[in-house]
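Below are two complexes that have subunit A in common, paired first with subunit B and then with subunit C.
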Partner chain A sequence: MAQSLELSSQPAPVEAPARGRKGSPWTGLWAVVSKEMADNLSSVRMQILEVLILLTAVGAVYAVMQNVRQTVSQDPFIFLRLFTTARDPFPAFVGFLSFLVPLIAIAISFDAINGEFSRRTMSRVLAQPIYRDALLLGKFLAGLFTLSLVLTAIWLLIMGMGILGLGLPPNGEEVARSLIFLVATIFYGGIWLALGMVFSTVFRQPATAALAGLSVWLFFTIFWSMVTSLLARTLSPVTYGLPEEILRQLQTEQAISRLSPNTLYVEATLGILNPAVRSFGILLPSQLEGAVMGAPLPLAQSVLLMWPQLTGLIAATILLFALAYVLFQRQEIRA
Partner chain B sequence: MVDKSTKSASAPPKAATEVVLQAVNLTKRYGAAVAVDNLNLTLTRGEVFGLLGPNGAGKTTTILMLLGLTEPTAGTVRVLGLDPARDPLAVKARVGYLPDSVGFYDELSARENLSYIARLNGLARTAAQQRIRAAIDRMGLSEVIDRPVGTFSRGMRQRLGVAELLLKEPEIIIMDEPTLGLDPEAAQGFLKLIRELKHEGITILLSSHLLHQVQAVCDRVGLFSHGRMMISGAVAELAQRILGGGYRILIEASGDPRAIQSALLALPGVKKVEAAERDHFVIVGDRDLRADAASAIVGVGGSLIGLDVEAPSLDEIYATYFKEATNGAIA
Partner chain C sequence: MRKGYVFVGLFIVLSLLLTPAALFAQGDATPAASATPPAPLSIFTTFPSQVIGLNENISIPLKVRAGTPQTVQLSLEDVPEGWNIFFRGGGRNVNAVFVDGVNDAALDLRVEPATTAAGGVYNLTVVATGEGESSRLPLTLSVEEKAPTSITLETDLPTVRGKPNTSFRFNVTLKNEGADDLNVSLTADAPQVFLVSFSLNSQDVTAVPLAGGESKRLTVEARAFNTIAAGAYPITINAQAGDVAASLLLTAEVVGQPELTLTTPDGRLSGDANAGAEATYTLVVANPGTAPARNVTVSASAPSGWNTSLDPAELPELAPGQSVNVTAKVTPNEKAINGDYVVSFTARADDASAKSIDMRITVTTSTLWGIVGVALIAVAVVAVALAVGRFGRR
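Our next item is the complex of A and B:
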């Protein structure tokens, strides 16, 4: 991440070109990170959201436990079921996360920058010997660390409850798969964190920034599937009803839907938490040649399958952060 | 000061002074709008300079450029021999800045707010704790050191802001509207503090539009309008230049008004005599002319009822200057 950012703020080594700046842009970074993290963890809004996630985790695990106790001996990936199994009235824990994580991330970041302006602390903090780079990256990292801390705690909780409830330890592959799932979840949160920072830089009112962030989230959660099918029908119309046309339309639809971080996240988690999944979307008979239906993929193959989704999540996080960075660097610091 | 036509002025108060802050042809444009226009400013060590002007005159923009928080469109700045645009960290480590309406993290205590600043300045933990304690004690906030800043009054916040400056042990302090919104007592206390800091050898640049307050503490002032520094110098010097004298003597006397007026006008050192209302006269002179005026009035058979003197005030200099400037007398 640092590589792409340092481009605009290379520390000048010696008396060099007029544009160069002296001193490391990361001076004071850890002071900002530790202060912001302490703020995040002690803030009331974080505590509310933590309780919310905790309740869903306990609820989901409890519901799943009722379901899977009977099949413990047959299922080699019983621990992964804790994350993915839905049982009425509870949706799967993964489903919960896909809309709770954006909420937490936006709650952390929506007032990151404009909050400093409205509290009139911005000019005072920037008058200290630090660059703006350190302030923005510090706030972002603090948000990401907070998110990681909360999610890791919940991951451990679920694993612990699983061990207690099922009476057996998870095997290595289950741990590896669920850890990759954890990383994907953190970067899924990272996207919304960076988006929240963009809005908190653009809008001077924290309330406006929060609303903007939530609207984007709502748009992708509810409306994106409608937009996707509408766009697919316009871009790749089925005129004669040929199989190629139908296939092309489906592919277009899938490509467009993957612009949404939600789709990327759901596919990534599906790929890593469900070893039986060998492809996303449409599966042609030719792709199934020689496959044993329902047989689990090895870990490396599952990772390969969800790799584009995972890198997509990370890339989107970095891109959005870079956008926030550029906007913030250009902003006038007037008290 | 007896010489009426003094135009030279600008005799530096002390010889062989070290220049700590210098701006040359400093300009800042926002699109077509010019916020700061060819500003030239030189501060020597240990002096208090007042940057005066109405709201929106470009004072804050100037300050931000001096700190390297905004890049100048043209011109150069040297602070302690460093360029704030190139080497902002070194500049900001040695310059303290108190913004107007200073803000703190309300949910954190005074101590926590200051330790964040100490960490940003890279101070070691134990040294930082000692300095925080000392700064808080000096500003009289020891009682409330562990209370959240959200409960502080405006005056307390301002003092906490100064405690933060002391923490950094700066060589230059820049204050933007430091007495704005303070009650008269707190403002007086603040001005006293500025004098103390000056005695410690700290150079202070402060901006304000509350002229009478600034007048009391500034060695030199600069009048700022529409991004331009119109005139600068010591207050007495400016009074001499702009008001042509500066001492206003208010007289109440009964008798023949015409005789009194012409007698007053004949006094040496008198610039102007105005007959204000019934039996009231105002003399503008270049020194305290009370005794001369009294004897002049008695001399023409009038009886003196009241006599008062007003020292040259910045407000007046300011008002006169800008009135004349808009009339095109000075430009």
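Our next item is the complex of A and C:
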């Protein structure tokens, strides 16, 4: 991404040469990335969160193994079951991830900018030949890489435990599907990372930024479904109880709920990890006429199905970063 | 011998005249020995005239009776040419016999006709010569050729009609016309495509034992190995026992039957189609039967909102062995969600059972929305680039 940004920023000196900007805005980016990654990985809060995720991974895989051993039926996608099967009292691993990943992401990024101010190191850093662009992008990329590292390690752990426990290797499609799932999870974390960065730019107090990030997370996790149904009832009311009205209200509700990154993430993981899923929307019986139920979709079709959700996650990450970037660039930093 | 009978008969007449009726039962033989002078030498047999078969050796039991003990010399007269006749007694060939005067002496006359003897009546005389008296026993042997050994095969219904996959059953009567017991083995000459079996009392047999004059009803079942062309097929069944044989020509008349098959050129019953876009599949309608199939129609059954067209959808006639490619154009509903659907194709004809195949069509949706998603990311990247251009390098 850094390279593409570099390319797209080439015309900038031509447009505004009067401001006297020279060189690439990304000078020193990788120095920032490596320093921030080192800080992230050695910090105590990261270690606590890593242990938490590790425990959930082990617990989830153990629970799935118990389940799989009692099952005798054939399953062509048994490795995907490692991620999606829930067994009391353990929820499915994807369920764990959908609320643990935002926590990690917010924990990494809530004091990214205002922490520098409160330590009074911002001026010192920017006195180096490093632009603000490079500082912000470096902190964001470092957070994203840290997240990727942790999630990839957990992915490998689950696959490894799966091979040990099941005694058979995953096939190519299972690996491809679970890798796409990994990408979706990383960008789901990326949204919350960028959001944390926005809040750490806006609020001067790290505690305020952390609380703001957590409340947004809480809002989407708990309150968004209530808001959704309320909005849907207001926007497309069922006046006469006609099927069309009910259908329209359901579609409105689904469209609104997709504004939440949680919904996007859950749908994306469902589409890619469960090959039998054909559609997320409301299906009329006429659409299912002649359909072979339970038949797995080809990988390309599953990717196509969850592609809007995946691109939504990626685009939201980039846009939130752009917001943080604009806010940070316009900020007065000579404190 | 005949003299003996005459004598006994005369005596019976005399005793009937002289004695009361109450004594008749016991008194017919014993008074004869005591009341008459010593019996004359006689040689006799119970059956002096016999019928024998060709090349059949026989033994004729003889008895010699005499009133006084004496040695009786035995000889033969009028022996036919080449015949071998001799007396047997005590396990040996004998030429004389001793009669003790009280009991009859028993011996056998062994007759071995000449191997070249033809049928006819042969006479010979056995002469017993005792002490001063002799007795002659004429024997008559009729050599007869037996009923010739032969077997016959018969059926009431030599021609049976049927479809290629039916089994043709013929009821055949196998009879042993001769007198000898026979073990008849059964074989069939049939076209290679027929498997012919014989059964007797619903059990498969290849050989049947038949007593002389006996007849048995057999069921001959001919079954074609595979579908065969219409026509008359001759089936010759042979019965053989030793050097006698009989054969019977049966005819299986196979009438033609049309048959339909429906498949794809490579046998694959799955395909891909884009939602809202026409996809073309090739079907093969064939008639592997033995008669032309008439008014063949091919139809498709798809979910509602799908368009299907078949070319050709109707065939006036499909000759046996002929196959026709039918192009099926299937357009899934534009709003069809991606995944597998089942479309059934059915081929029907006037006088053949309909054949149907289920084709599994994987509907894929267009990648247009994927490109839209990529465009969304591109817009986000451009937004970042614009922000960098506006605010960059501070």
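One rule holds in what follows: the second predicted complex is superposed on the first by the 313 of 335 C-alpha atoms of A that agree within 3 Å, B and C clash if a C-alpha of one lies under 4 Å from a C-alpha of the other, contacts with A are read in each partner's own complex, and residues count from 1 in each chain.
Keep in mind that, in the parts below, a contact is a pair of C-beta atoms (placed from the backbone, for glycine too) under 8 Å apart; a residue touches a chain by one contact, two chains touch by 3 or more.
Predicted, not measured: the structure shown is a model, and the values here were computed from it.
After superposition on subunit A, the partners subunit B and subunit C are accommodated together without colliding. When the shared chain is aligned, no partner comes close enough to touch A:47: not subunit B, not subunit C.
With both complexes superposed, C is the one of subunit B and subunit C in contact with more subunit A residues. When the two structures are aligned on the shared chain, A:171 is found in touch with neither subunit B nor subunit C.
For the combined model, the angle formed at the CA centre of subunit A by lines to the CA centres of subunit B and subunit C equals 160 degrees after rounding to the nearest 10. Once the two complexes are overlaid on the shared chain, A:67 sits clear of subunit B and of subunit C alike.
Once the two complexes are overlaid on the shared chain, A:215 sits clear of subunit B and of subunit C alike.
In the overlay built on the shared chain, the residue A:35 is in contact with subunit B alone; subunit C does not reach it. When the shared chain is aligned, subunit C comes close enough to touch A:322, but subunit B does not. Judged by the touch definition given at the top, the superposed model places A:128 against subunit B, while subunit C stays out of reach. When the two structures are aligned on their common chain, the gap between the nearest CA atoms of subunit B and subunit C comes to 7 Å.
For the contact definition in use here, the residues of subunit A common to its subunit B contact set and its subunit C contact set are 12, 21-23, 131. By the touch criterion given at the top, residues 1, 4-5, 8-9, 11-12, 15-16, 21-23, 25, 131-133, 278-279, 283, 286-287, 289-292, 295, 297-298, 300-301, 304-305, 307-308, 310-312, 314-315, 318-319, 321-322, 325-326, 329-330 of subunit A touch subunit C in their complex.
Contact residues on subunit B toward subunit A in their complex (touch as defined above): 60-61, 64, 67, 69-70, 86-90, 92-93, 95-97, 99-107, 116-117, 119-122, 161, 164, 176. Within the complex, the subunit A residues that touch subunit B are 12, 18, 20-23, 27-28, 31-32, 34-35, 39, 119-121, 123-131, 332-335.
Touching subunit A in their complex are the following residues of subunit C: 302-306, 333, 335-343, 360, 362, 364-365, 367, 369-370, 372-374, 376-377, 379-385, 387-394.
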